[in-house]
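One structure follows; several queries about it will come next.
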């Protein structure tokens, strides 16, 4: 009756079918548990111990570290080699000109008070604050929005809403500035460029784009909005360097205030983002010149080749390239003409020209301008 | 595949899972794999005794404790299979007993006879449940899963590190590293004793002490399947008893409440008289435990008295010890004692080893509950891991933001574990004329809770009499101070007298502990003349006394900012 | 006698029993051998004096990691780079260029130890620890120069694994193939900073002290990367203070002579290269910080072969304080900066303006560069 199997003595010779099935089912259950543990337990997930950072408040509380000495010693020691080294000087107040100071500074010589309701939004939750308009800001790579309301001590109902966007770079700030300013606007001198519309003051400086919004055009608000805008501009850092395209796009013949910046697919040239363009009137024709800066001449050439290939595939490409080598000449769906060429690290060209000849001529002119 | 083979595999798998879970219980694992949170305390969550007793104390079933149904419901159908198929402590006892097993059939049969002592666990269960009814959770002292978690945390796993050197795991965790647990030897001793009792009788703990086994045994009365002996085939050879884990008398009327469903008897019976039957007759079994009514009443009374003993000292109310600092996220003390299993998982996960098993600081009932010992560690700022492994909610889940009062929790502020105090008798600046300020350096909040103020302290031998003085210098009768090892006079220039940059020396015209009069800083000195940094308004006449003071920063505490 | 007793022939037992020579030799010999062995072992272990069994630490000495660098005396010693856009990779490369590039410091096959400040379990934006991107750049450069292994280590005050994780240094090291060395107990060994016990009257703090020795021993080159921080006790924690993270034992006691110990740390380690991380400067509530309000972005990196001059420059230009009042700079200069370069093979000048005057200090501003 005894059976030795696997080194153990069993009394039963045979094992019933039910028992075998049950054993296998149990093993299957065990295996499932182990596999479930291995599979689900080691998945990375939302961090359990992530946290926000302290600080970064709207108006940081002024704090001191090294305490001023309680010593009644009034005068500091005279300098000299035998002098005992004195107490280290306590640090001066924090440097707020680095662009990370209080986002809503006090406005001197007015009775407008900085916001107590300051809130900040990032790209992820910008939609909550400005709803549909967020798409445009996101297209220009907005990093952060600071929102706050300045109020008057003399009139608590009077309010100026301030939207202070950190766009991450001067190009983006300029881009959104141009995109939101429509048509004729009254320029003012705040920040890098500014205008007044409907009582509100809008400007850009450095990486920032700021809107100081007034409810109406009355004088009371006009002065206040301007003062607040100036105070905000003073607190912003700007290295003063011109935008890279300003010197590259020719100034002769450019329609004032037509310089603009675009981040997304420019004019159907899908591979080109981050493009500056301006409108020109020259010798009776109008056209648009655009320029894109690649990271290297090789990349620029690559973009150009890729564009040519896709045009050829679409059957659009005209072989006017024999006239001016290295120039892509096409007819746009609206009947106007476009030309694209490469110059060093730049991909540039002409849009909205009246005729193929005009496009080619404008491109040639642009090219010579760039070469200087 | 024999059912006993399946059982052995099951025991091994669950033992391996237990080892894996408890080894992986660490902050770095939870940081990298948050999904492990579901698994790490799983053994405690499936423990029905934990669920039942916390339901009695808190009238709720905390989060993951619903998993106890996975064990409870099958027990109602199949009997006390948990003890020999799942329980890792049971596996440990089984393994120990088998390693030191008796040779010879008769010896084994004698070892596995039913003894009346098995009834003790039912009394223990009753006592503990009655205590739970009256608000104190003590099942953790003897519950096998809780016990084994605690024993591994406090005694077994710290073996790695002392004397075995620590292991550095890929991913950065350090296994072992010599974790310290105050009074851990008591627990280790108990663990060791329980294991060695397997040499006296196999599965001694499981048969005699285990309250979870008692609970499952009581519930076994409802089971539909059970081992059944066929008296026509049985020849009373008693071979079935030699492998019986539960000492449940399969050779006579089977004791349901003791049977571990190990199936060894079925394997061993030479005549095939035993089988696992559906709804066997009541006549061939002993349905319930052997506990007498008087014994149960005595046990209940013991549980009741325990409640009174433990609360009588007032350690949880008026005489609350200042040493009892609970982990961040811990609920209020009386509720804590209703929930804390003393499983010590929080100790296991704590990265800095600050959590320690208490002795009786909060009374009898607080034994082995977690308290913080700031000499051993400190509560790491961005860590709330203890709350994530606590199976019963004694320590609630906190996000780091809630713990530190950041972001959305900024209004309610940070969790304050306690407040630091200075022992001025030990503090170097306050009582030993030595600048220090390391406490301020370490303080992690901004602005710091510890700040400093300048104060002056009279030096030892600091009173000197003046022989001559001008507005800018004072000449003393004795040497201003000693000489250094090169023979040059020690100078009161701060950095040369082993003070730090922030210390300076002053002379006061009216010496005394909190002297009045003028105080002027000493710029330099030679053996007996002090050169002053500023002018004295009133020049002390010869023969008067002046005092030489050291001025430096002393620490002060802003209790509104200290988060412990 | 009953039947149950074993009957033994009389000759086998009792006083007159027959003793065979074989048995005599075998049993007697075994016993004598055991006695001899016991006595021999006892004599061999004997310690007459009494101190032979006591632990005699044989302190190691740290080598000069700069000595292997062939550094011309006329080459710049402090190289400062600013970039308002914090493009770290470019900054590090530009900072090293005037010093000769990484190739001058790291040779093919070197084992490089990078010692950042990972002292606290803090987010890098809080300025209390070295910024991980700087560490990343340096690791990459070392690899490009042919280093066979890059180690990253520190002995933090807080729990080591958590510090490396939260500061982002571990992630960077894992991504770039460098190995993080955690300060496990057995890596510490006593190291002799000076042969005699320290004399406080001469501002000496370290004699022989346990140091995080294992990575130092393996390394051919050591690069220190430290943030610039306010410090409540010694006024600033910069490059020399960074070596505090190599100390083991009960190092808390050095705080009572903090300037002595910091200058001694500069003496202890003669690094191949130091880099000051001035991207985010902790201007108050140091050294732990804890709030973004304490941090001022300064967008600066400094690479130097003279850690004293680098500290002095950073103290004056990044923390805006007066370095002539910072005691440990003067002490460091006295301890190892006065020797002629050819003797001690290291630089230690606390008057950085001297370098400026002699053209050994270079500044660059990359803010307007395109890439």
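Letters are used for the chains, namely A, B and C, taken in the order the chains are written, and counting of residues starts over at 1 for each.
Criterion: contacts are C-beta pairs under 8 Å (C-beta built on N, C-alpha and C of every residue); 3 or more make two chains touch, one makes a residue touch a chain.
On a predicted model such as this, the values are computed, not experimentally measured, just so you know.
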Dominant interface by contact count, named by its two chains: A-B
Centroid comparison with subunit C (C-alpha atoms), farthest chain: A
Intercentroid distance (Cα basis), subunit B paired with subunit A, Å: 50
Distance between the centres, which are taken as Cα means, of subunit C and subunit A, whole angstrom: 41
Intercentroid distance (Cα basis), subunit C paired with subunit B, Å: 34
Residue list for subunit B, restricted to those that touch at least two other chains: 27, 31, 382-383, 446-448, 452, 495, 501-502
Subunit C, residues touching no fewer than two other chains: 232, 235, 285, 290-291, 293-294, 326-327
Residues of subunit A whose C-beta touches two or more other chains: 53-55, 63-65, 85-86, 88
Subunit C - residues contacting subunit B, complex: 120-121, 157-162, 164-166, 170, 180, 182, 184-186, 199-203, 231-235, 252, 255-259, 285, 287-291, 293-294, 326-327, 331
Touching residues on subunit C, where the partner in the complex is subunit A: 84, 123, 125-126, 230, 232, 235, 283-286, 290-298, 319-322, 325-327, 367-368, 370-371
Contact set on subunit B toward subunit A in their complex: 1-3, 5-6, 9-10, 13, 17, 20, 27, 30-39, 239, 266-272, 382-385, 388, 399-401, 404, 406-407, 446-448, 451-456, 492-495, 501-502, 504-506, 518-524, 531, 533-534, 551, 553
Subunit C-touching residues of subunit A, taken from the complex the two chains share: 53-57, 60-61, 63-66, 85-86, 88-89, 91-92, 94-95, 98-100, 237, 239, 241, 244, 293, 295
Of all residues in subunit B, those that touch subunit C in their complex: 27-28, 31, 165-166, 168, 172-174, 177-178, 351-352, 378, 380-383, 428, 434-438, 440-448, 452, 484-486, 488, 490, 495-496, 498, 500-502
